[in-house]
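The two complexes that follow have chain A in common; it is paired with chain B in the first and with chain C in the second.
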Partner chain A sequence: MRMTQNSAARRDLALGFIVLLLFGLVTAAFPQFARPSNVAEVFDDSAILIMLALGQMLVILTRGIDLSVAANLALSGMLVALFNKNYPGAGVLPVLLLAVGSGAVLGLINGMLVWRLKLPPIVVTLGTMSVYRGLIYLLSGGTWVNDNMMSPGFLGLVRFELLGLTVLAWLAIIGATVAAFGMRYTGLGRDFYAAGGNPSAATYTGLDPGRMQCFAYTICGAIAGLCGYLWVARFAVAYTDIALGFELQVIAACLIGGVAIAGGIGTVAGVVLGCLFIGVIRNALPLVGISPFWQMGINGIVIVAAAVLSARRREDKRSILETQTA
Partner chain B sequence: MNLQSRFGWVMRWESMLGLVLIVEIVLFASLSPYFLNIWTLSDATFNFTERAVIALPLALLIIAGEIDISVAAIIALASVAMGLAAGQGVGTPGLVAVGLGTGLVAGAINGALVTLGRVPSIVATIGTMTLFRGVAYAVLGDRVLKEYPASFSVFGQGYLVGPLSIELTLVVVLAVVFGVFLHLTRWGRTIYALGANPIAARWSGVPVDRYRFMLFAVTGLCSGLAAVLLTSRLGSTRPSIAQGWELEIVSMVILGGVSVWGGKGTIPGVLLAAVVLGLVNFGLGLLNVPGIVMSIIVGALLILVVAIPVIGQRWAAARPARRAS
Partner chain C sequence: MAVAVQQETSHPILTLSQVRKSFGGAHALRDANLALYPGQVTALIGENGAGKSTLVKILCGVHQPDGGEIVLDGKHVRVHDPEHARQLGINVVHQECVVFDNLSVAENIFISARPKQGRFVAWREMRKRAAEILKQLDVSFDPDTPASQLSVAQKHIVQIARALTSDARVLILDEPTAALSHREADDLFRIARRLKDSGCALLFISHKFEEIFALADRYVVFRDGASVGDGMIAHTNTEHLIRLMVGRSVEQLFPKLETTLGEELLRVENLSRAQEFENVSFSVRRGETLGIYGLVGAGRTELAQCLFGLTAPDSGSVHLNGKAVSISNPADAVRNGLAYVPEDRQQQGAILPFSIAANVCLPNLGSLAPRGFCNRERELQLANHWIGALGIKATGPRQNVGDLSGGNQQKVVIAKWLARTPQVLILDEPTKGIDVGAKSAVHAVTSEFAQRGNAVVMISSELPEILGMSDRVLVMRRGRVRALLDRSEATAENVVQAATDA
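Coming up: the complex of A and B.
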C-alpha cells in the first residue's frame, strides 16, 4: 500500500514538474504567456475538462469506463438550454438543479445496467452514448438554441469573475479540492479505491463493488450534467453535436494523469495535472506558431508514452501479487 | 433441456439475426417501392462493406479477449499517406501498397504496445487512435487531398459482374477466409482458448503474445484495406475521414454475437450483423429518417443484445427455485 502510494506521489510530482517545465519553456520564449490574465484563461479553458476527468476517474477507479459523458453533457446541456428558452424568467437555480439532476439520472442508468445486470461497462456506455446523442436530436428536432434565445443570467453566471478568475474556473478549483480531500480522507473516498483495487477483498469487508460502481457512474453523470450547462453557457450555443468525441479527451486526461484502466489506482492531483498538461499545450500551440491541428497528435504521443511507462512500473512492483491481466 | 438441444438452432444468435434480416427486407420492401431493385440493393451494400472489412478481423481480436478502437484512425492515417503519395505521382498499385503498408505498420505498433509494452489493449488503442488521427490532422490540417489517378477509383466504384461490386466481392472473400480460419483450423480454436482463459492458454504452451501481435497486425492491415476502398469510393481524403467508425464497427461485432469478455462469437454472426445494420441504415435513409435516429436504435440494440442472455439466465435460475417453494 505504502509502495503504491509513494509511486503515485512520485508520478504526480514528475507530471507536475513536466507541466511546470512546459509552462516555463513557453514563458521563456513568449513572456506574455505567464501574464495573470492568460493563466486565468488557461484555467477557464481547462475547467470543464478537469471536472469531467474527476468524474471519469471515479468510474475508472471502480473498474468501469464511461464513454457516454460527452453525450450526457450534450443532452443535459440541450435540456437546460430549451428550459431556459421556454422559461427565461425561472432564474439560474432551477437550471442548475435540472442540469445536475438529468445528468445524474443518465449516469444512474449506466450504473444500474452495470451493477444490476453485470453488463460490460464499455458496451453499456457505448450504447447509451448513441442513445443519449440521438435523444438530443429528438428533443431539439435538430434545431440550434442560440445565445439570443438564452437569458442574460443563464449566460452570465459562467463569465462572472471573482478575484480574477471566472466562476467556471472557481468551480473546477473547488471541485478538485473537495475531491482531493474526499478521496484521501473520507471513508467513501477510500471505498472507491477498495472496490476497484480488489473487488473480492472489498466484498469480504462488506463493500459491494457493484454498488460503488453504480455510485461512481451517478456522480460522473451528475458532473457531466452540470458541465452540460456550463458548456452551453460558455459557448452560448446548444445543438446536437456539441462536445462530440470529447469523452476521449476526458479519458485521455485521466490516462495522462496516471489513472490505471485496471482500476484502484489514480489520484486527484494526477488527473488535474493531466488536464492542465492538455490545457497548457492547447493554449501554447498558437503562441509558438504550431498549428492547433498538432494538439491531437501530441496528446496521442503523451498517452502512449504514459501508458508504456506506467505498465512498466506496474510490472516491477505488482506482478508478483497479481496474475497477468488479460 | 431436451427441447432446447433439438431446437437449439432456432435460439442461436445467427438465426435471430437472419430472422431480423428477413423482417427488415419485407418491411422496407413494403414501405418503399424502390427497395427491391437489384441496383438499389447493390447500392445499399456500400453502407456496410468497408466497415465489414474491419469488423471481420476485429471479431477475431475481440474473441481473443483484446480490443482495437484505433481502426478508424488507421483509415485516416492510411488515407492521408495515400493522398500524399498520389500527390507525388505514385500510380494505383503503389497507392494500394502505401495504404496496406500504413495499415500493417499501424497495426504492428498496436500489437507491439500490447505484447512488448504490456499496455492493456483498450489504453494502447485509445492512445494510438489519438496519435494516428492526430498525425492525420497535423499533416493535413484543413486541407483536402484529391489528386488520385482515375484508375484508383476502381476499388470503391467498380463492379465485378453486373451489380456485384468489387467491395462486396472482397467482403465475401474475406468472410470466407476468416470464417474458415476461425472455425475450421487449429489456430482458430486457439483464438477461442486465448479469449476464454489466456492464463490457461499460456500454460498449455500457446504463444499468446505471438497470436495477439498477429491479430493486431491483421486488423491494422484490414483497416488499411478499408482505407483503400473508402478513399477510392470518395475520391478524396480529409483528416476527419471515417470519424466515429470505431464505435460503429465495435457495435457491429458485438451485435454479431461476439462476447466482449472474449472466447465467444462467430464469423457468420458478424457478417449478418453487418448486413442487418447496413440495410437498416439504407432503408431508413430511403424513408427519410435521419441517421441520428438510427443511432438510438443501434445503441439500444447493443445494450439489449448483452442484457438478454443475462436476464434469460436469471429467469431460468429463478424458476426452479420458485417451483420448489
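Coming up: the complex of A and C.
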C-alpha cells in the first residue's frame, strides 16, 4: 500500500502545492484575498462542490459517471422548497430527510438501470438528467420559489456560523473527513476500489461490481439531494434551471483531483484539492479582472494537461512491463 | 507435516459426478466426473474446448451446473458464488490473472478476508500477516508493493497467498504456467508441493506433459465435455494420455479434398518480431493447406497478424510467387492477394450489427462502386451469390450477421474475402466455438479454395482439425518453429510432443 499511496500521495501533494501557489500569487497581487473572512467565503463557496465531487468520485471509481447530479440536486431542491412553502412550520429536520431521501431514490434509479439492465452509465444518466429536469418543471409548473416563501429556519441553517465558518462549510469538512476515513478503513470503501479497479477479478472474489456501482449511485444521489436543499437555502431561490450544467464542474473537480476515469483510482484529498483549485480560481478571477467566462477554459486546460501527464506516465510503465516479461 | 501419498483407499475431499452444463444449447460439460484426494495433485488434461474452464467456473461458483452432484466431505453442496467457494475451502488460481492492479499486494491477498479491528480495516495487521504468508511461500516481494508492479508469475503467487488466508482444502491451478518461464514455474511447483504435503487437494490444469508428470499423482482426461479416463500418473504415459485426449475418428469430421500441389506461392524467410516470434521460415505451395499448431502463447496469432501487415516484423522477408513483397499494412496485404480470417470472429472478423450484404461487400466496395457510389443492387447480388455458394443459412442478404449462428458468421467472414479472389487465405482458429456440422462446412469451403490452386494457412489449437485438414503441419512453441511435418509424419503424438516438448 505504501507505494500506491505514495504515487497517489505525490499527486495530491503536487496539486496541493499548485493550489497554494495559486493562492499565494493572487494574495501577492491582492492582499485582501488572504483575509480570514475571504478564505472562509471561498471555502463556503466550494462546500457544495466538494460534497458533490465526493459522491461523484464513488461513481467514477466504480467505472461509472453521473451526469444527473445537478438535475438531481435541482429536483430535490425544488421538492424541499415546495415542501417548506406548504408546511413552513414543519421545521428543518423533515426537510433534510426529504432532501436526502429523494436524492437517494433518484440515485438508486440510475444505479438499478446500470446494474440490473447493464446499460452504459453515460446513456442512463444523460437520460435521467433530462427526465429529472423535466420533473422540476412539472412539479413547479415553471414558477419560482422565492425567499419570501421560505421559512427563516429553512434559510438560516446554512448561514449559521460556528468558529468563523458556516454550517455549509462545516458540512463539507465533516463530509470529507468521514469520506477519507470510510474509503480507507471500511470494507465498503475498499470494495469500491476493488470493484472499479478490476471488475472481473471482483466477480471472481465474490464481489458484484454492478452492486457496488448501484451503491455508488445511491450514495452520490443522496449527497446530491442534500446539496439540493443546501443550494436552494444558500441562494434563497428554487427554479427549474438551478445548477444547470454544474455536473460538468463536479466531474471536472474529480478529474483535476486525480480520479481516474477508467476507475479504481482516486483519493478524497485529491478531490477536495480539485474543488479548492476550482474555488480559488472562481473567486480570484473577478479580483484579477479577468472575465469569469475564463473559468471553464482554465478548468478544461487543467483537465487536458493532467490527462496528458498521466497518459505519458502510463506509457512509461508499459514499456517497463514489456522489458520485464521478456 | 508429512502426509504420505494416499492410496486408492483414502476418501476424496471433493467429488463431482455426472455434472452437466450447457450455454444456449451448446454443451460445455456433458458428463463430468472428478475426485480430488487430500495430499494429492490431480492433473486435468484435455484439448481447448474440452470443458476444463467450465468445470473450474462451476467449482468456484461462477457458473451453476445444470445437473449432477458435487460432494464435499461426504455432503452434497451447491457452490453459490466465489465467496461461498472460498468459505467451503475451494480456492482457484485463475489462468488470467485475477489481481487488482490498483491495490497493494497485502490488500490483494486479504481482498475477501480483510483483518478488522472492530468494524474497521486493520492495515497494520493486514501487512504483518501478508508478510508472514509471503515468507511462508518463500518469496521476496514486499506486501506494500502495488500489484501493478508484479510480474505474471508473482501475481499467480499472490493468488495462492490469497488461498492461504483461509483454510484451503482444495486448490485449483488453472494453467498457471502458460505465461511463466521455467524458473518461475519451478517456484510455483515448489509452493504447490508444500500445500500438497500439508494435506490440501490440488487440481492442476496444464497442457504441458513434462509438468504433469513432474507434479501430479493422478490424472483425469476430459474430451468434449466429458471425463473419458482417469487413474494414477505412475501407471500411464504421454502416448496413452494423448490418445485419450484426441480419441475420435478424424476422417469423418474433415472432408479434405484431393489436391495437386503446384509451384510455391508464399514463402516466409526468417521472420522475427521481438517477444512474439523468432526466425520463422516456411513456404506454402499452390493447392496446399499448411496447418500451424501450438499452444496458446506460442506466437501463432502474432505471426498471422504480422503476415497480414497488422504489425511490422523486425526482420525477415515475405515472398509471393517468387517475388519479395513489402507488406506494411493490411491494405498492402489485401492488394497482394492475402486474406486473414481472425480468431476473434465477433470483434475482428464480422461487423455484427451490419447485414450479410454489408459485411460481404465491405472489402469489395472498390469493385462494386467504381465511381465512389454504392450500388445496392450489385451488393445484394454479390451477397446472394456467396450465401448460395457457401450455404450460409440466413433469411436473406439483409439479415444482420449478429443474428446468425457462429458457423454462419464465420462463413460470412470467409465469403467477404473469397469475393476478392485472394491467393492466400490465412485462417486463425477458424472453427473455434462453432458446432460440429458447421465445422465440416467451413472446412469444405477452405479445402475447395485450396483445390482451385490457392494456398491456405490454418492456425488451430484443435489437433484433429490440424491433422485432418493439413498437407503439412508446422508446430510452434515459444515463438519458434519446432517441427515441420508432412501429412504422413504428422501424428497426434509427434505434433503434441513438438508443441509441448514432452
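The rule is simple: the second predicted complex is superposed on the first by the 313 of 326 C-alpha atoms of A that agree within 3 Å, B and C clash if a C-alpha of one lies under 4 Å from a C-alpha of the other, contacts with A are read in each partner's own complex, and residues count from 1 in each chain.
Criterion: contacts are C-beta pairs under 8 Å (C-beta built on N, C-alpha and C of every residue); 3 or more make two chains touch, one makes a residue touch a chain.
Only a predicted model underlies this, so the values are computations on that prediction, with no experimental measurement involved.
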Is A:148 contacted by the first partner chain B, the second partner chain C, both or neither? neither
A:37 contacts which: chain B (first), chain C (second), both, neither? neither
Max touched-residue count on chain A (chain B vs chain C) belongs to chain B
Does chain B (first) or chain C (second) touch A:86, or do both, or does neither? neither
Touching A:293 in the superposition: chain B (first), chain C (second), both, neither? first
Is A:265 touching the first partner chain B, the second partner chain C, both, or neither of them? second
Where chain B and chain C land on the same part of chain A: residues 324-326
Looking at the complex, which residues from chain B come into contact with chain A? 65, 67, 113, 117-120, 122-124, 126-135, 137-138, 140-142, 198-199, 202, 239, 243-244, 247, 250-251, 254, 260-262, 290, 292-296, 298-303, 306-307, 310-311
Which of the residues in chain A come into contact with chain B in the complex? 65, 67, 113, 117-120, 122-124, 126-131, 133-135, 137-138, 142, 240, 245, 248, 251-252, 255, 261-262, 291, 293-301, 303-304, 307-308, 311-312, 314-315, 323-326
Please name which positions on chain C make contact with chain A in the complex. 60-62, 81-86, 92, 94, 97-104, 106-107, 111-112, 114, 116, 119-121, 123, 127, 144-146, 148-149, 151-152, 179, 274-275
In their complex, what parts of chain A are in touch with chain C? 1-4, 7, 184-187, 190, 193-194, 196-198, 200-207, 264-265, 317, 322, 324-326
